[in-house]
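I am attaching a structure below and will ask some questions about it afterwards.
A, B, C, D, E, F, G and H are the chain letters, set down in written order, and residue numbers restart from 1 in every chain.
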Amino acid sequence: MKDFEIDWERKGRTGIAEAIFCEHKSVSQIASILDFSDGRAMLFTRLSPDKLRALPERQQTLIDYDAESRTAFSGQVAAPTRKGIGVVCAGTSDVPVAKEVVRCLQFNGYDAPLIADVGVAGLWRLMRRLEDIRRFDVVIALAGMEGALFSVLAGLLSAPVIAVPVSVGYGVAAGGHAALSSALASCAPGLTTVNIDNGFGGACAAIKMMQIGSNAHFSQG
Amino acid sequence: MKDFEIDWERKGRTGIAEAIFCEHKSVSQIASILDFSDGRAMLFTRLSPDKLRALPERQQTLIDYDAESRTAFSGQVAAPTRKGIGVVCAGTSDVPVAKEVVRCLQFNGYDAPLIADVGVAGLWRLMRRLEDIRRFDVVIALAGMEGALFSVLAGLLSAPVIAVPVSVGYGVAAGGHAALSSALASCAPGLTTVNIDNGFGGACAAIKMMQIGSNAHFSQG
Amino acid sequence: MKDFEIDWERKGRTGIAEAIFCEHKSVSQIASILDFSDGRAMLFTRLSPDKLRALPERQQTLIDYDAESRTAFSGQVAAPTRKGIGVVCAGTSDVPVAKEVVRCLQFNGYDAPLIADVGVAGLWRLMRRLEDIRRFDVVIALAGMEGALFSVLAGLLSAPVIAVPVSVGYGVAAGGHAALSSALASCAPGLTTVNIDNGFGGACAAIKMMQIGSNAHFSQG
Amino acid sequence: MKDFEIDWERKGRTGIAEAIFCEHKSVSQIASILDFSDGRAMLFTRLSPDKLRALPERQQTLIDYDAESRTAFSGQVAAPTRKGIGVVCAGTSDVPVAKEVVRCLQFNGYDAPLIADVGVAGLWRLMRRLEDIRRFDVVIALAGMEGALFSVLAGLLSAPVIAVPVSVGYGVAAGGHAALSSALASCAPGLTTVNIDNGFGGACAAIKMMQIGSNAHFSQG
Amino acid sequence: MKDFEIDWERKGRTGIAEAIFCEHKSVSQIASILDFSDGRAMLFTRLSPDKLRALPERQQTLIDYDAESRTAFSGQVAAPTRKGIGVVCAGTSDVPVAKEVVRCLQFNGYDAPLIADVGVAGLWRLMRRLEDIRRFDVVIALAGMEGALFSVLAGLLSAPVIAVPVSVGYGVAAGGHAALSSALASCAPGLTTVNIDNGFGGACAAIKMMQIGSNAHFSQG
Amino acid sequence: MKDFEIDWERKGRTGIAEAIFCEHKSVSQIASILDFSDGRAMLFTRLSPDKLRALPERQQTLIDYDAESRTAFSGQVAAPTRKGIGVVCAGTSDVPVAKEVVRCLQFNGYDAPLIADVGVAGLWRLMRRLEDIRRFDVVIALAGMEGALFSVLAGLLSAPVIAVPVSVGYGVAAGGHAALSSALASCAPGLTTVNIDNGFGGACAAIKMMQIGSNAHFSQG
Amino acid sequence: MKDFEIDWERKGRTGIAEAIFCEHKSVSQIASILDFSDGRAMLFTRLSPDKLRALPERQQTLIDYDAESRTAFSGQVAAPTRKGIGVVCAGTSDVPVAKEVVRCLQFNGYDAPLIADVGVAGLWRLMRRLEDIRRFDVVIALAGMEGALFSVLAGLLSAPVIAVPVSVGYGVAAGGHAALSSALASCAPGLTTVNIDNGFGGACAAIKMMQIGSNAHFSQG
Amino acid sequence: MKDFEIDWERKGRTGIAEAIFCEHKSVSQIASILDFSDGRAMLFTRLSPDKLRALPERQQTLIDYDAESRTAFSGQVAAPTRKGIGVVCAGTSDVPVAKEVVRCLQFNGYDAPLIADVGVAGLWRLMRRLEDIRRFDVVIALAGMEGALFSVLAGLLSAPVIAVPVSVGYGVAAGGHAALSSALASCAPGLTTVNIDNGFGGACAAIKMMQIGSNAHFSQG
C-alpha cells in the first residue's frame, strides 16, 4: 500500500508544482516519495536537519538542502532568473521563515531579494529602504510579535502585499496569533494573508499573482 | 474640532481610493464627511438603511445607495468597464457580502460577474461553472460555514484566489471563524485571505493584483 | 440595605477620585448614589442617554452630561487648567472613547487636546502632527482594528504611551481583541496598556504618571 | 489498591469491547492491566514504542504491536473477515491515525481497506477513487489542515461519513482544531464527527452503525 | 441573476433531499426559492415566525409551519411511517431543537418518538425509560449545559448515538460549547457529534445510518 | 406529550429541592410546570419580568416574585430561620446575582445577610466588615471584573469560600471569564467556584456544606 | 535577599497550613525553603523526581517523598486519623492527581480512601460503589476527558462534591478544559470546582468544609 | 546579507536604548550582533545558558551574564545610581522575571529594590511592607496565577503601578493569561499592563515615566 499520491498535474493546473510538506511525515514516508520521484525536480519544506540525517545516505547527497529555511530541492533545479517579487521582514527572528519564502521562489524560477529587520518600532529603518521596496511588483511581508509592519507597508505601496505572520513572540504573541490578527484586521486595504509561518504559501500566492495575464492553462480536473 | 482626516492621497499612493467604513461612525460623523467631500467621488461601506435614512435629505438624494450590499457612492462614478475579476460564492446567504465586493469593484472601474451558490456539498454546481471561472485573471471566493469552497477552488485554478470568509453559520461556525480557519489552513497553495466579511478588502486586493505591471507611482509618504 | 459604599478616601490614597461606572448599574442604584453624594463633585462613566433620561428630573438638571462620551459630572467641577497630557486616536470611530478620556481628564483638572484620525494606513497624517505630539509629557493613544498606531507611536516618542484598545472592528477585530493583542505584543518598548474601551483607566494612569514627584500622600488603608 | 476496573461487560452492553487508552497511563499501570487480563483478547491504543519497551519482556512477546498506529492486541485475535467499512484519508501525514482506525476495526473483526492521500487540493485523486468509495456501507474519513475533504465526500456519498479530524497542521491548524471545525460546520448534511485524532472512536462508531438491525442485547446496567 | 441553485440531485446522490436553511437568508430570497420549487416537496429550517409572516400571503397558506421547531414543509409531504429512530433530550429547554429533529425525520418519512427531560442530574428519569430507548436502532441525543447525558447514554446502548449539543446554558456553557466538548471528549466509544443546535444534521445522519444495506445509488457527480 | 419531568425526589436524594431554570424555557412550558406543581413549593430562577407578565394572571398572583433577583416562589414557603451563611459581593453591579443567592437560600430556610460593595480596590471597605464576615460558617463571595476579592477573602477566612463570578465588566472581563479565571487560579487554597452568574448553584453548595454531619439520607437512585 | 516569605500564620488564620508549590521554583529556592523551615512540618506539591534528586542529599533523606503524587512531607507528620472525606476518580489515568489529594489530606490529618476507575461510560462500576460513597461527609471527585462523572455523582449525593478536573485527554479535552467546563456547567446543583489538576486545592476545600462548626479562629490579618 | 539593523538612534528618540531579544534568534545571529556592536554597551534579554555557552569563548568572557534573569550586558555599563522605581512580586516563582526587570533597570542606570513574595493570599506580608512600597515613584508589580496583587496594590498607592503578568500557574492560569486578564480587568484605576513575562517592557515603561519633565529630545524619525 502506497501512502501518497503525487499531484504531478498540479503545475499544469494551477501554475505551481506540488511540494512535500515534511513536518508530519515520517522519515520512511519521505524516503519513499524521494524514490518515487525518480529524479524529477521536487521541493521539500519543513524538513528538519534530524530527518535529513535519517534519510538513506544516497538520498542525502542527491538533494540541495538549506538548514536555516529547512527546505530541500531534489532533481535538477535551474538557477532563478525572474524578477519582481520582494521579501521584507520585520525582525532578525523572522529570517528563517523569510528564507523559506526565498527558497520556494527560487525553486519556481524567481530570484527575490530579502530586506530584513525593518520593523516599525524604528520607522527610519523602513523609510530608508522604501524606494527599493516600491520597485517590486509583489511584496511578501513577514512579521511576528504585533505585526504592525503589515499595515504600515500596505498603506505605503501600490503593489499587492502578502502578509506571512511568523510565530515569533511570547505571551499574547505566542504562536503568531497576534501578528495574524493584525494582518487580517488591518486598516490598510488590499492586504491579504496566509497561515502563520506559511512561507511556502506566501511564495505560491506571489507567483500566482505574477502569472496574471500569462497563458496558464488548466490541463485536468 | 474635525474628527476625520480624509486620505485623498491614498489612490495616488496605493492605487485605491480611501473608502468610508460607516459601521462604527455616527450619523453626524458621516454627514460631516459627506459635506467635506464636496462632490468628489467617494465610496461608503457598511452603511445601514437606518443610518442612510437618518442623513439630511439633501444628502440622501445625492448618493447612489444599494441596500443589499449596504454600500453607497457619492459624486460622479463612471460606469465600470474593466474585466478580469470574477466573484464566486458558496451559498445564497453569502450574497450580501459578495455584492459588497461587486459594488466596490464597480466604484473602482471593474465590472465583475457574480457566480452564486456553487458550494461543494453539491460539487456538480461548481463543476458546471468551472470553465467560466477559469477565464478570470483573479477570483474572489466567498463562503461561510466550513468554507470548503476555498480549497477546492484554489486547487483547480491557476488564477490567484482571494478568500473572503463570511459570518454565515451557527455553533462552531458562528461569526465566520470556521470559514476563516479553513481559508488560512488550506492545503491548496497560493490562496490568500482577508478578514471575515471584508468584501471591500477582497475587492481592493484584487484590484492591486490587476494593477501589477502597470505604472502605478507613489506620490507622497 | 444600601448597595454601595463610596470610596471617598480614594483620592487621598491614590490621587484619583472614585468614579461611578454606570454600565451594569440600575437607574435606581445610580439615583441613590447621586442622592448620597449630596452635591460633592462626582464623575459618572458609561452613563447611557436612556439611563440619564430615566433619572428623576431634578437629578438630570444638576449634572453636566456629554452624550458622545457618555460621561456626567455632578457637583461643582472647576475648569481644567493643567497641561501635559495628549490624546491621539487612529480613526473617527475611536472618537467616543477618546472623548471619555478627555472628559475624565477634565474632571481631574487636565485640559488635554485630542488629535484624531491619524492611523498608520496613511502615515503622512501622523507624521504631519508628530511635532505637536512630541510636546506632550504623556500620550494616551486609542485605536481599534489592528491597533498598529500603538507601536509606531511608541517607537517615535520618549514620552510614556498608554494604549487604549477600542472595540472598533469586525471579524477577528470584533470586540477590540486584535488591537489589545497588538498593544501587548508591541515591539516598541515602554508601551503600557489598559482594558479595551477603558478610557477612564487610561486617563487615570496618565494622571498618576503626571503626579510623579509631587507630594501625594496616602491617608488611610 | 487496584487502580483500574475493566468493563468486561461493555461488549455485551454496547457491542464493542473496552480498550485500554495508554497515553496517560504509567508503564506499571499498563503492566498490571495486562496481568489482570489473563490472556483474554484486549486492545491497547496510544501505546508508544517507549512504553512498550519498558514493559516486562514476557509481556512484550505476548502482544501483537504495530508501531505506526501505536496499537497492540493481547490474547487471541481472530483474522478479520467482515466487510463494508472503508477508510479514506486526505494526506500522507494522516496515515498513522488512519491505521489506528484500521487496526481497531481488525480487532473487532472488520477488514477495512485504506484509501490514502486523496485530499481535495487535487480533486482528481478523489474522483479517480470515487467508485470504490461508493461501495462502502460506512466511510471513515480522516483529514488535518482545513479538513475540506469531509464536506466534499459527504456531499458525494449516500453512506454515513464519520469525520476523524487529525492534528496535522500548523498555525491556525495546529492541534487539529481547524479540521474539527470544518467537520462540525459542514454544509453537507449527515456528516458526524469524533474528537481530534480519535481513530478508535471513529472505528467504534462505524461498528455500531454496521450492527444496526442485528440482535445486539444489553446484558447489565 | 438568480442567487440560488437548488441541488435537486442531492436525494439521489446522498439519500437525503436538500433543505433550505433560512437563518441567514432574506425574505425575498426565501420567497424566490418557494416560487422556484413549484410545488415540489421542500423542507425549510430555522424559519422564524417573523420571516414567515413577511412572506407573500399565498405562500404562507401553502406551507405547513411549526413555530416551536421553526420548520416548514412546502408541497405534498406524506405521513411518516418508518420506525427505528429515537430522540432523547436532557431538559425541557432542549425541546425546540429536539422538535427540529423530529420534524426533519417526519419530512423524510420517519416517525420518531421524543423522550424529554431525562438529564443525568436525576438519573432515575433516564433509567426508567431505558428499556424504551434500547429498542431504537439509532438514538439522537440532545443536551445543553454540560452535556453529561451523551456519555451516560452511549455507555448504556449498543445502538449508534448521535449527539446534538444544544446552545442552552450560560457562563462557560453559553453557546453550547461545553456540551459540544463533552460530546467530542466522551469516554464512551462510538458516540458521534454534529454542530451545536444542528437538529437537521442529526436527523440526516440518523437517516443515512438507517439506509445502510439498502440499495442507495449515486446518480450524478 | 409532556416536555418536563419534575425531579421531586431530588430533595430526599441530595438535600436540595429541584428548581426551575426559566431562561431558556418558553412561557407555555413554565405555565405547564406551574400547573403541574399543584401548589407544592417550587423555586423559579432567571424568570424575567417579561415572562412573568406573559403568564396567565391567576398564576401571577400565586407566586412571590422578586424582580431584582429574577426569582419566584410558588406554593407555601416558610420564613427562613437558619443562620450561618453569609453573602459578600465586590460591587454594586453584582447585587442582582447576590440577591439570587439570598433568595435561593431563603427558599431553603436560610436567612443570609448580604454585605455589598467591599471590593479590594478600596481595601478598607472589606477590612471594616471583616469581623462580621468571620462569624459565618460558609461565605458565598460574588465579584465581576478581575475578581480579586475571591483570593483576598479566602486568604483571610477559615470558613469555606464559594466564589460566584459575575458577568460584570467589559473588554477582557466581558461575560465574567476574567473573574472566573481568578477564582480558579487563586493562590488562596480552599476556594471553590461555580459557573458565572450561578447564584442558585452557589446557594446550593453552601446548603450542602451546612448539612455536613446531619442525617441526610438518599431515598432513590 | 530572601526570595520567599513563609506564611506560618496561615493555619491559624484559615485552618490550613501553607504548602510549597514546587513546579515553577528552582532547586535552589526549594532547598532554601527547606533549610529555613528548620524541621517544622511542611508540605511540598508538584515536586518532580528530577528536582528531588537535585536537592542536597541530607535534605533528600529528611523528607517523605511519594513519586506518583509528586508530594513530599518534611518534618514530623503524624499518622492521619480523621475520617469523612472520600476521593473518587473516573479513570486510571486520574490516579496521580487523586493521590495528590490523598497525600494532602494525610498531611492535614485525614485518612481518605480512594475509589478509582468508576467513570460513567460503564455506569455499573459507579453504582456498585454508591453505598460506600454515600457514607462520606464530603466527596472529592476527579475526572478528565469530558468529566461526566461530576454531574452524575452530584445528582446522586447529599454530600458536597468538589470537582477536580484532570488534564487527561486529547483534542478538545487536552489540558483538562473540557472536564473543567463540564464541572462548571453541570446541571447538578451544589457542585463546586477547583482549577485543573489542583489536587491540593480540592483537599484544602474539603478540610475547610469539615471544619464547619468547629472553633477555628483567626489570629492575625 | 546582514540579518539585523541595530536601532542605535532609539535612545535619542525614545530615551531607552535598543535591546536584543534572544529567544528566537540563533546563536550565529547573536554572535554577529555582538561582533557588530564593537564594544558599545548593549543589553541582551532571554539569553538562555545554552545559547550563552554556544557563543565563541572570547565573546562569553566579554559579557556580564546573569543566569536567573537570563540577561547579559556587553560593553561598559556604569553602576546604577538613580532611585525611585520599586519592584514588587507576588511569589517566589515570579522572581526570575522580577530579576529581568531589575537588571534592565540597572543597565539603564536605575538601582531598584525587589520586594518578593508578598502575594495577597497572606495579606499581612504586603501590609508589613506597605510603607516601604509607598516611597517609590513608580512601582512595577509582578504576579502569576490569578494576579490579585495588581488590584490590591493599585488600590493602595498613588504611584503609577505597572503590571507584569508572569507565566506561573497551571490549568486556567497556564501561560499567564489569568494574571493578564486580572491586570487588564482591574477595578483599581490607573493600573497599566505589559505583555506576559515582559520584564524588559515593564522596566522601559517605568523609565519613560521617570523621565517625564526631563528634557528628552527626539533626534531622528
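Quick notes
Everything below uses one rule, namely that a contact is a pair of C-beta atoms (placed from the backbone, for glycine too) under 8 Å apart; a residue touches a chain by one contact, two chains touch by 3 or more.
Just so it is clear, the structure is predicted and the values come from calculations on it, not from any experiment.
Among the other chains, the CA centroid farthest from that of chain C is the one of D. Between the Cα centres of chain C and chain H there is a gap of 26 Å.
In terms of their C-alpha centroids, the spacing between chain B and chain E amounts to 35 Å.
Measuring from the averaged C-alpha position of chain E to that of chain H gives a distance of 56 Å. Shared interface positions of chain H, i.e. residues touching 2 or more other chains, are given as 10, 13, 121-123, 127, 154-156, 169, 171-173, 180, 184-186, 188-189, 195-196, 221. Every pair of chains in contact is given here: A-B, A-C, A-D, A-H, B-C, B-D, B-E, C-F, C-H, D-E, D-G, E-F, E-G, F-G, F-H, G-H. Only residues 90-91, 119-123, 145-148, 150-152, 154-156, 169, 171-173, 177-189 of chain G touch chain E when the two sit together in their complex. Residues of chain G touching chain H in their complex: 1-5, 7, 9-10, 13, 18, 21, 23-26, 29, 33, 165, 167, 175-176, 180, 195-198, 220-221. On the chain A side of its complex with chain B, the touching residues are 10, 13-16, 19, 84, 127, 130, 134, 137-138, 154-162, 180, 184-186, 188-196, 200-201, 204-205, 207-213, 216-218, 221.
Chain D meets chain A in the complex at residues 68, 92-93, 95-96, 114, 116-118, 121-125, 127, 144, 168-174.
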